[in-house]
Every structure is written in structure tokens, then in C-alpha cells.
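Quick one: the structure is below, questions incoming.
Read from first to last, the chains carry the letters A, B, C and D; within each, the first residue is number 1.
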Amino acid sequence: MTAQFLYGGAGLILFVLGLWSFLVHAPLLRKLIALNIMGGGVFHVLIAVAYRGDGVTPDPVPHALVLTGIVVAVSATALALVLGARLQDEQRQG
Amino acid sequence: MSLDLAPLLPGTIVLSSLLPGVFIFLVREENHLLRTVLNLFGAVLKLVLVGVMIWGVYLGQVFETRVQIAPGLELVLHADALSVLFVTLSTVLWLVTTVYAIGYLEHSPNRSRFFGFFSLCVSATVGVALAGNLLTFVIFYEILTLATYPLVAHRGTPEATRGAKIYLAYTLSGGLLLLVGAVWLRTLTGPVDFVAGGVLRGMPADMHRELVAIFALLLAGLGVKAALVPLHGWLPQSMVAPAPVSSLLHAVAVVKAGAFGILRVVFDVYGVEFSSELGLLAVLAALASFTIIYGSLMALTQDGLKKRLAYSTVSQVSYIALGAALLGPIATVGGMVHLVHQGIMKITLFFCAGNYAETLGVHNVSQMDGVGRRMPLTTLAFSVGALGMIGIPPIAGFVSKWYLGLGGVEAQQYWVLLVLGASTLLNAGYFLPILYRAWFRPLPNEWPHEHHFGTRFETMGALLWPPVITAAFCLVAGLFAAAPFSPLEWAQLIARREYGL
Amino acid sequence: MYSNLLTDPLVLCITLPLLGAALTTALPRHAVPLGILAALATCSAAVTLGVDVWQHGALRLVLGGWEPELAIGLRADGLAVALALMANLVALGISVYASGYFRDPERMRAFWPLWLLLWAALNGLFLAGDLFNLYVMLELLGITAAALGALTGSREAVSANLRYLLVGLLGSISYLLGVALLYTAHGTLDLGLVARAIAANDRLFAVDAAALVLMVSGLALKAALFPLHFWLPPAHANAPAPVSAALSALVVKASVYLIIRLWLDLFAPITGLAAAMFLALLGAAAVVWGSWRALRAERLKLLAAYSTVAQIGYLFLFLPLLAVTPPGPPRDNLLAALVLMALTHGFAKSGFFLAAGLVQTNAGHDRIDDLGGTAQRLPATTFAIALAGSALIGLPPSGSFIGKWLLMQGAIESGQWWWVIVVTTGSLLASAYVFRVLSRAFGLEPTPLKFVTDARAEVPALLLSLVAVALLGLASGPLWTLLALRAGGGA
Amino acid sequence: MVRHAECAVRSAECGVRGGGVASVSAWLLLVVWVWPLVLALPASRVRFRRDWGRVEAPDGAVPALGAPRSALPWVALGPLPALLAVLTLPLGTVLPMPWLFLGTQLGLDATARVYLGFTAVLWLAAGVYTAFGERGARANAGRFDALFLLAMAGNLWLIVAQDLFSFYAGFAMMGLAAYGLVIHDGSASALRAGKVYLVMALLGEVTLFAGLVLLASETGTTLPEPGTVTGLSGLTIALLLLGLGVKAGMVPLHLWLPLAHPAAPVPASAVLSGTMIKVALLGWLKFLPVGALALPGWGHGLALAGLATMTLALPVGIVQRDPKVILAYSSIAKMGFLMLLLGLTLVQPALAPVGVAGIALYAAQHGLAKGGLFLGVGMRKHAGAAGSVTQALVLGALVFFALALAGAPFTSGAVTKYNLKPVLEAAEWTWLGAAIAAGAVGTALLMARFIWVVARIEPHPDPALHPRGEPGWTWPLAAWALLLVLVALFPFAFGKPASWLSNAGPIGLGVGIAAAIALVATLQPRLLAPFIGLVPPGDLLALIMPLLAAFRQSGETLLADLGRGWSRLYTVAAAAFERVFGTPAGDVERGLRQWPVAGALWVGISALLLILLFVERPVVTPDNATGAAAEPLPARMQRSSNPQLPRLQPHVEHRPPAATDDPA
């Protein structure tokens, strides 16, 4: 039980730290990493929720959510990187 | 008129100008004939339909178009005696104005746009006239604002756009106040239709303060269009519009819609006796009287002919409000009948002003020396209109003035006579010098910008006959005021129904 | 069961655009006809769905045969159908417009898949029945929207849409955390079940409240509620016209829809007047500030973008009124007015943006002060702007007139008269900015004898504006019936 | 009040009800005033159809008015139906026309018949003079003729009117058209006279309007006659007296009269002085309860006003230079006398039969004589060369008219005054007889002064005015002779023989004094010279004008100041507007887009939202809910907040049966 709380609490802390970093640091890459850390925090929480006790099969739903969430996060990060790269190209040219 | 068609008639009357208007937008600019045909078709059709409706209403038949736009919100077009008065006025004058406008805008650009909005404008006016509840009234009132804006801005000059902006700023703000008032009233009463004698009499006393505030909102909203001082600022500014638009603003549609709204609110929403109990009439009367005097004083100082006429409108339209503000059927008759009389007189004056401008390039009073010799028929019409405005019998204006005065006395408000007297003198003060110049001063060597139309008359026929016809209306409305179906008789019919006599 | 699922309009609304997106990706040369085909198909599916719901009442569908606690659920009640219908009609208009808009084949090929994906996400969002599904759709929507917005490739567009993307991600993550908390507390994601659980468990108030705040503030970021609207004007103003239309009219609206759903459906037991009042205050600030900025905007599309900020603000004004109005006709009126204003804004703003795009393509710029001649040359477009503008102001007979009427009525009835001042101020400012544009059409520029006519571009703009002005204003009665269809049971 | 109200909204039913049966001949009463109206169109000689584009006279534009000569003497034809009506229509003819105007009733009673008679004759004479006497001499003849006919129509209309609307309409029409006659010359003095006339006439009309409104309200009828107007309030009577007093030249409302009558062309002066000012009396006879009610206060007031009018007008008139000004003052004095008589009649209703008839006849004879005198001045100036037989005859006739006006024995003046003796004798004022005698002496002196002045006029006929052997002055002289004959026959038609010799004393005295003064004037012209022109025409006006000018000046200054203040205010406002909207908007949201700022706002909003949720954790209390419903608001919906939270009931429903029916 405490492990579950620890895990979930760590997730929340990750979320807050990521948020802080996202807001404070200007470079795009740092922002993206921060966003991913926030996402990781949320996933931690979900994984913690899935825990139903030792030996009991964990709740599959949060797992599914986390998997989907990772996919979404990856694609979003990719798009952000593309846009950032284009912006940087233009800045170099201009 | 079979009963089945009765519910359709009011709606059809609105559509009879709306649909041609929509088609006119699509007419190619150079297709003069098609546009004219559409214009006149709409105008004549509407006239015929209104004729049918007059007869029906006179016989006590009910014409009502009811469309639910949302639960509890109904679009009601209802023909009662008061609405018929206004509908007839705008329909008849619209026909005349259309003819005039066709002549006036002979060679100007953007005619399809102009006539499209022109038709929309009249449709909205008729909608205002036929509105059977406040919601419907507000809707058409706002559409009227929108449809008129392009007409005021039509010339496209910086002054025109400026005038149009000022017009819009005033009327839209007023419209919002009206809207708030209407909504507020609805929260107190629920959906109610206009009913002769008013609907608010039974409201409990603890709500009277709210009702007074609502009245203030409604009056402020309507007062903008009715050009009650200090809400009149837009009217002299929108003088930049072409003459037919000025006629529309001053006689057919806009100003009238405001005044008509005041009549509706006082008589058919609050009820005149209830308004009096709430002390609203005294305020309205004071406002109207002040406007009458102020407008005339301002008119005295104007050299621009149309500006002078505009301030004259400010003054004269408040006669209508004054009639509504005096408790008693006689003053009511005076106010109602002035709705028509002011319309026909002022439209005559504006037509004439347009003729002077188009034919001779005369825009200012100081340039009008001798115009009576150069343009006798126009000036004759102008003289009839001006003398009518002063209140010289037997022209229509006197009839209004008589009933207002008599109504004031019957309501024990003797000061009304003072106001009327002062207004008469001031009207004479700004109209008679014009007539003097026109008829008694010698011709100038050259007109500012003379234009020959190659006709046997002083100007183009489409410009000449409309003012002559409306001037004849002024005379006929006065001379045969006591005859059946005269505006006066109709106003008396309304007053009888309002007061249940 | 499968054939049933495949032909179910509820499913088709989402699968058809997805299919279209796949096809246009696979056959980029035929992107336009395929895209139009997909658009038509999707739209007809949405209309079929609408008819279905109208006839049979609210629908619900569970995919994959799972228990409701677990499954991916779709549901269509009156509110969802109303918004989905609007979104699909607007999207169809945008599709027709877009088919002629992109001259660059590269952009055109990129546009269609992304656009159809966005469409699918939109429909998914309106029709999703569970919280996680909503999250996925929300993310998909945010990503495709940002990608579409950056389609012009200009610096401003890319940087603005990158910001938009980041904002969207932040909002989604916040939302997801809220979902996680809810699942922690109640062990289900189904909207209906969660709602019941929240109503039943007073003990879990703290978690619920935290989840509500995370979800709503995340969505508020995406919905550009003042002062979180900072990203919207540059992003919407720099996107290609059809995309701007979709972003302003639909994408933002989707987030608002979700907020309304959560606030009124899910969290109704724990939301109080104070919180609603707070959101409404932000909305009021949005109305005034957005309108003011629109008035001061120098470019037509920037004006439209700020106008969106203001229009979104109106929707939040309803929350405190709904909070104090007991169920019954007055509440139905308020709800209908809320939806009506959202719908009207959807139609009007898309019409406005499409027309503005046409102006921009013809004039080569969209600086308002220099548009005189263009307005003369494009009478139909100017007319569309005028119609859309009067709907934005809330002039009769537009739908927003009825909406504002009912809003003010509700405000006065519930004693919160101050919203009336906000509404009137907003309307006045709106008329000022709309007529600032329209007055350009009456300048002295010579009227050309030949007008530019481009039916493919003009007709959608005109029709969308016309719907906003005439149809929604004069025949909004069915909306009440539709919104009443949440208790099910059919007609 | 209710009855009046109903009447006013049902005028067709209870306004004018046929007082008598209208015969076909009664329609003549309509023709009486419509005919001159109709004639005004051809008389104006306006050509509406012309080719404005091409035909331009070499010396500039050809005026549309008064260019060609008219084929017929339209102005002279105007009064013919009126004459016919006087001669043929029986007394008491009534023509009710409830559909016309606000309910018209035309009729012919005794007073109206007398008025119609002398008015028509005088208009005829003046019309003939206009049509023939100065043909071609006048520029803008068409305009003059049209206005002349309009004024004529108004005058005749108000005489045959029995309802107050028609009276007022005729009154206004006459008054306004007369303005055009007064300023016809276009000279500076005429314009000034016209301005004074117009302002005062309008003031009078407005006052009369107010009086008539009150009258209609207080009596409930629009057909006033002495029997029905007994319930008038003091205000109404005062307004009626003042309103018509302007027209009657009641001191001090007479200011316009000595200016306007001389300024107008001769025929216009004749009708102005001869008929138009008399309508005031007609109005009073219609609107005041003469004979029905004793009004001692008002009667004495009116009588005193009349006396004051006489007292002022006679001496001021004597010192004038212009014969027409002298005649104008004589008219004022005579109106004063008539006011005195009317006032006395008002005091004693029993005298009404004698008084009313006497006043009407006196008005008639004065109108004819005064018209003759005015026309005579014109004849004296233009008809024939100096020393010709015509001029001698003219001078002789003028002396006769002057004697008649002064009331010498065997003249109409003496006879009509004799008829009114009972009224004067019944007065309470013992000194009245002496005052009347003094007035008679004064009148004689005034007439003597007139003859003195007119005899010295140098006739200057302009042969160029009568080319191509036109009738010239034959017709005008003939018309004038008709007047002369009528005045001469008057005493024998309307007077008892006993009256023929009356009034000899004062006249004799007056003639004697006049002769003495004439002697002095001939021998020692300088002795009397300072008196001539001592008082300018319009007397009191000279005192009032500076006041008005000062008032106007200060008003203009005030307005200018206001205007300046306003424009300054406007400039400031415009500058502020320009400051805001003239500068580019800029991008004020740049700061907002900084991530730390935006993030902080977001976090802050979230936190606040959370706090608010916790602060107001809803508690359902039935008290509140019922409290709201119990608020007594009968007609409105419940409006206070209800904390019982509403919700959209989440509803879970599986696919409707239709889906499952479908075989998979």
C-alpha cells in the first residue's frame, strides 16, 4: 500500500517538477522533455492505481491507458520537434 | 379575403418587399429596366395588400401571422388599427420614394445595392409596424438599423461614412437599451402581445419601480430613433445621405419607427392611464416639449437646407411623443395623426430639397434666392409642406396641432398651448425666410450647378411629380380631415379602441 | 454485430473521416476528390445520426463487447448531436472551400489527411462516452490542429502553432492527470458511471475537486478562456483560411463543450455558485477584452481571432446562471441559449474566416484599412462578412440574438443583472469592430463592372453565415426538443 | 369633458350637424371663397411647362412669375360670386359640410351679409384698380395678383365661416398672403414693414389659436355663436381679445399697422385698411358672448383699450407726412372707436341688437370710405396729369370720402354713428360724450390734414405705362365711382332722416380749427414744421426696436459663447479619441505570451478554482429551496438562487431495440 502511495506520490511530484521546468525554461527541447516528464508523472499515477495488491492481477485498464498515452505523447513530441526544427531552419536562413 | 388567408397576410406584406429586395441585389448594375420593374412591382403589390388589410381591419377582421422561433419566443405580426396607420403611411410613401429614387439615382453607381437595401429597409419598417409583441418589434427595429446603414453610407464620401458611423453608433446603442428593456419586461410579465389599453395595469405595486426603470430603458432605446433630445445627434449628421434616403429616414421609416415604438409602449404595453399613474407621461411630455423647442431653435441657425429640415424633424417628431404623453383621447388622436402628417409634409420638403440640389446645385438656404421662379412647381410643393409644418390651416399640420392643443387643454396641461405656440413661431421663423427667398428675391445670375434634363418641365419627371403628389396629400389630408378613411378618422378609430370609447 | 457496428452512424461519424484520411494519405494525387467524398460521407453520417437521435432519443454504443466500466463507449445525446451536426456541416463547408483554396499541391496533399483526422477527432470528442476516449480525441485534435495551423510554413505561423501545440499538450496532460485521479477514486471511466459515483460519494470530495480543477483548467487553456487565450490570436490569424475557420469555429468549441459537459453533467454535485461565478468573471473579462482587442486589430483575421476569444467568453457567462436555476423551462432555456450561441458562433465564425480568406487571397493582404477596393470587388464575400458579423454582434434575427435574449433574461431572473452590462458592452464593441470592417465596403473606390466570383469559395461562406443569421435565429425551436433528448426514450 | 372627448374623436358624428337644410343655392357660399382660390393659378401666370434648357432671355433668366400679361383681369373677377351671394342668398342660409376640413359649416347671417357686402365691393374696386390701374407698372404682377386673390379668398372664407376652423383658416390665409402684398415693392422700408407685420400677425395667430382651442374645450363646440360661448374662462377671453387685437390695431398691438398699410401698393393698402382689419370685430362678435352675457370687466377693459387707441392714434396721425400713414392712423382710431362700442355692448347685453347691427354697419361704411380714400391716393398720384379734370374730380371725391369718414352731416359716417347713440348713452361713464366729441373733432382734423397733404401731391402719370391705347384709368375710376356712389347713398339707405343732420357740431368745430391751422400753416410754415414728423410711423416701435436689438445681441453673444465652449469640449474629446484610435494598437499581449507569466496565471486560476470549490462545498438545505419559492412574486418566475444543484441527469442506455433486431 505504501509502495503504491509512494509510486503515485512520486508521479505527482514528477508532474509538478515537469510543469515547473516547462514553464520556466525557454528552449524548446527542455520544454518537450519537461512535458514528457509530466506525462511520465501521470503514467506513474496510473500504474500506481492499477496495483491491486501483491499476487493479484493488476487492473488492465490503466495499463491500456498508459500505453495509449505513450503513443500520443510520442507523436505529439514528434510534431513539436518537426515544427521546432522548421523554425530553427528559418531562423538560420533569415 | 377568405379567412384562411388572413393569417398569411401580414407576413406576405413584409415579404412583398423583402423578396424583390433580395432579387434586386442580384440584378446586374446596367439592367435598369429589370430593377425598376422589380422595385415597382414590390411597391404596388404591397400597396394592394395593404389596401385589402385596411378594409379588413376597418371591418374588425383579425390578421395575424404567428411563427414560433423558440419555445416562448414568438414572432407575431398583427394588424391592428395603429399598425395599419403606419403600414399605410410607409407603403404609400415608399411607392412615391421609389419613383423618386429611380429618378434621383439615374446615373449613380451601385444602384442594385442601393435598391436592395432600400427594399429591406421598407420591409423592416413594415415589420416594425405590424409587430405584435416586443420581441418582434425589437427584431425588426434592429433590422431596420442595419438595412439603413448602407443607404446612409451610400455615397461613400468620408462625410457619408462618418455620418453613417454616427448613425450606427447611436441607433445600435439605442437598440441595445431597447433590447435590455424588452428582456427585463419579459422577465416580469412573461410573453405578452401588444394589447390596446396596455397589459401592465395589474402589476403589483412593489414592481412599479422596476417598471419605471424599464420604461426609461425602452424610451431611451426608442428615443434615439425618434430623435428625442439629447439622443438626436445622429439625425443632422446623416444628412449626407442622398435625398431619397433622407426621406426614408425622416418620413417613411427610421424616425417614424422610433416614434411609433413610443406610441406602442405607452398605449399597448403600459397603457396610457397606467403610464400616467406611474408618472411616466410627465417625463415624456417634458422631454418631448424640450425637443420641440430645441429642435426648432437649432433649425433656425442652420444654413444648409437639409440640416435645417433635419432639425425640423427633430422638433416635429416630438409632437407624436407629446401626443402620447398627454392623457386623453384627443391628444392621442393628435399624436397618432401627426405620425402621418409629419411624414407626408417632411417627405415633400426633402424631395424638394433634393430637387434643388440635383437641378440647380442649391444646397443652402442662402442660395435659394429666386428658386420659385426657376422651379415653380417644386417650390409650390415646398411651400405647402413648409406652411403645413408651421401649422397653417387647412394643411395637414394644423389638424395635428389642433388636436394636440385641445388634448393638452382637456388634460389640464395648459402649457401645451405655450409649447405649440412657441413651436409655431419658431417654425415660421425658419421656414418663412426660405419661402421669402424663393418667391420674392430676384434670380441669381447663375445657379451653383445647373443641370438640364431636357424635359418640358423644371426638372426630370421622376423628381418633379413625387413632391407634387405628396404636397397634394398634405392638402387633401388637411382639407378632408373629417372625411372617411382620412388619417384623422383613422387616428380617431385607434383612439376609440385604445380608450374603449 | 460487426456489420451492425460498421453501418452504425455513431461509429461511421468517426471511422469515415479516418478512412478518408488513410485514403488521402495513400493516394495523394486524388486527395481532393477523395477528401470531398469523405467529407460528404461523414456529413451524411452525422445527419443520419441526427435523424436517428431525433427519432429514437439518446443513443449509446459500447464497442468491443466490454463491460461499460472498461469499454470504449460512444454516446449521442441531444447536446452532443447538436454540436456534432454543427461541426459536420461547418466542416463540409470548409472542405468545399478548401478544395479550391490551396494552390500549392504539397500543401494540398498535407492538408487533406490532417483535416480528416481532425474531423474524426472532433466527432470522436463530441460522441465519446468515456473520459479516456475523450483524452485521446483531445490529443489528436490538438496535434492535428497545430499541424494544420502551421501549414503555411511561415515563421509566424510555425512559431504560433508550436506554442499552440505546447499549450495543447499541457492542457491534455493536466486533463489526463484529472482522469487518473477520477479513476483512482471511482474505478471507472464511463461518463455516466463516474457521474453517479461522484454524486454518491461525498467522502471523495477532495479528489473529485482536484480532478475537476485539473480537467477544467487544462481544457480552459485549450478553450482560450481569458487570460489563457494568449496563444489563440497569433495561431488563428496566421493559419490558412479554412484552417482558421475550423480552429476558431470548431476546435476551440470542442474544449468548451467538454468543460460544459464536465461542469454540468459529471461534477454537478460538487460545483458551486462561487466557482461558476469565477469562471463567468473570466468569461466577462474575455468578452470585454477580446472585443476591445478585435476593435483595435489591424488585420481582418486577427480581428476574427480576438472575436473568438470574446465569443467564448459569452458561453461561460451561463455557468452561474445555470447554477442557480432549478430544473424546469427556465433552465432549459438557458441551456438551449448556451448551445444556440455556440452553434451560431460556429457557423458565423467559420463563414467569417472563409470570407476573410477570400479577401486576403484577392487583396494579397488583410489590412483592414486598405480593404476598400477589395470589398467593392467582392460583393458576395462582403455580404457574407456582413451576415456573419451581425451574428457575431447578436443582431436579430441571428441565433445569437435569441441566445443573448435568453441569457439576459436568465441573468435578470436570477438577480445577476450585472451580466447584462457585460453582454451589452460586448455587443456594442462587437458592432464597432464588425462595422469597422463593413464601412470599407462603402468607400469611394470605383466599383468595378466585373465582380470577382468564385462560387466554390463564396457559396460555403455565404451559406454558413446565412445559417447563423436566418436559420438559427428564426427556427431554433427544434434545438429545445433535441436538448431534451438526454433522458432517452425516443420521441 | 368626456362628452368633449368623445366628440373630438368622433367629429364626423357630433361635430357639425346640419343646422339647416342646405339648398342648392347654398353651395354659392363655397364658391364664394373657392373661386378666388381657383383664379389664383391663372392670375399667377406661372408657366410650368417651358423649355428650361434652351430658352434663356438674353438679359438672364426669365422669371416664371409675372412675365406675360394675363388675358383677363383675374383679380377683378374674384369677388363676383361673393357679390352674387350677398344679393341673392336669403339670410340664414347654411351649408354644413362635415366632411370638409375638421367639419365645416358655412352660413350667412345678418352680420356676415353686411361684412360680405362691403368686403366684396371693396375687393372688387381694389381688384379693378389692380387689374387695370397699374397694369404693367408692376414687376412681378403675377405674384401680386395671386397673393391678392389668396388674401381675398381668406377674407371671404372667414366671413361665411360659421365654424371656428374655417374662420381660423381664412384668417391665417389672409394674414400670410397679405405679407406678400405688403413687401411687394421689395424696398427696404417695405421689407421692414413686412417683417414687423409678419411677426405680429403670427403672434396674433398663435394667440388666437390658443384662444380657439380653449374655446372649443370649454364650450364643447366648434360652431361658436354668442349663445353657446357663455362659459368662457377669463384666459380664453383674454387670448381672443389679444389675438384678434393685433389685427384690429389695438394699442399697443397696432405697431405694424402704420408701417404695413403705407408700404403696400395702393390696392393692397385699401383692402388691408378697409376690410382685413375689420375681421377682428367679426371674430369678436362670433366668439364672445355678445348679447348673451354681461361681461362688465372685459367690456370696460375693451372700451378703455378702444379709447386709448383713439387717443394715441389721432394726434400721432396728424403729425405724419405720408397720406397713407395718415389714413393708417385714422384706421387705428376708427378701430378704437369700434372697440369702444363693442366693449360697451359687452357690458350691457340688452344693447346687443342695436350694438351689433350698428357696429357692422359702421364697419361697412368705414371700410368703403377708407378703401375709397386709399384708392384715391393712388388715383391722385397716377390718374391723369396735374391740373387735369380728372385730378380735380379725384380731389373732390377725396374730400367727400374724408368728410364721410369724419362723419359730417348727410354722410354715412354721421348716420352710422347716430345709430350707435343708444350704446354710447347707456354707458356709465359720464365723460364719455365729451370724449367722443373730442374724438370726432380729432378725426375731422386728421382728415383735414390728409386733404392738406394729398392736395399737395404732384400727380405723375407715366404715359409709358399705358401704351397701345389701353383702357388706362377708366375702369379703376369707374370702380372708384361705384364706391363713391355707395358711400353717398349709404345714409339714405340705412339711416333715418333724423340722423342725417347729426354730428354737425364736432365736425364744424373740427373744420374750423382745421381752417385756422391751415391759415397759420400757409402764413407761417415754420411755426408748425417742428410738429410734422415728430413721431415716426409705428410710434412705439421706435422704443421697442432698440430693446429687441439689445436682446438679440446678448442672445447671439450667449449662443456664440456656448458654441465656443461646446467646440472646445468637442476638440478635447476628439483629441482623446484620436489618441486612442490614431495610434497603432501594438501587441499588448506580448507579456501575456511569456510562458512564466501564462503559466503562473494558469496555476493561479487553477488554485483559485480549487479554493472556491472547497469554500463553497454545497450543502443541500431544504429551507433555502423553499425560501426561494415562497417569495411572493405572482407574475414572474422565481428569481432568487436555489442552492439545490441542478444537474443534467446522466443517463445510461444501451442500443435501442432497433439495433439488436438486426440479425448480425
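Here, contacts are C-beta pairs under 8 Å (C-beta built on N, C-alpha and C of every residue); 3 or more make two chains touch, one makes a residue touch a chain.
Predicted model, so just to flag it, every value in this text is computed and none were measured.
The interface holding more C-beta pairs in contact, when A-D is weighed against B-D, is B-D.
Between subunit A and subunit D, the centres computed from C-alpha atoms are 96 Å apart.
Centroid to centroid, with C-alpha atoms defining each point, subunit A and subunit B lie 69 Å apart. Centre to centre, using the average C-alpha position, subunit B and subunit D are separated by 30 Å. The distance from the centre of subunit C to the centre of subunit D, with each centre set as the mean of the Cα atoms, comes to 72 Å.
Multi-chain contact residues of subunit B (touching two or more other chains): 187.
Shown for subunit C are the residues in touch with two or more other chains, namely 170, 412-413. Looking at subunit A, one finds that residues 19, 22, 31 touch two or more other chains. Shown are all chain pairs that touch, namely A-C, A-D, B-C, B-D, C-D. Within the complex formed with subunit B, the residues of subunit C that make contact are 329, 332-333, 336, 340, 379, 383, 390, 393, 395-397, 401-402, 404-406, 408-409, 412-413, 420, 424, 427-428, 431-432, 435, 438-439, 442-447, 449, 473-477, 479-480. Across the complex, subunit A meets subunit C through its residues 8, 15, 19, 22, 28, 31, 35, 38-39, 41-42, 45-46, 49, 59-62, 65, 68-69, 72, 75-76, 79-80, 83-84, 86-87, 90-91, 94. By the touch criterion stated above, subunit B contacts subunit C in their complex at residues 25, 29, 67-73, 75, 109-110, 113, 135, 138-140, 142-143, 146, 149-150, 153-154, 156-157, 160-161, 164-165, 168-169, 172-173, 176-177, 179-180, 183-184, 186-187. Taken in their complex, subunit C has these residues touching subunit D: 1-4, 8, 56-62, 68, 77, 79, 163, 170, 190-193, 195-196, 199, 205-206, 209-210, 212-214, 216-217, 220-221, 227-228, 230-231, 233-234, 264-266, 268-275, 278-279, 282, 293, 296-298, 322-327, 330-331, 412-415, 486-488, 490. By the touch criterion given at the top, residues 69-70, 132, 135-136, 139-140, 142-143, 146-147, 150, 153, 155, 158-159, 161-162, 165-166, 169-170, 172-173, 176-177, 179-181, 183-184, 187, 189 of subunit C touch subunit A in their complex.
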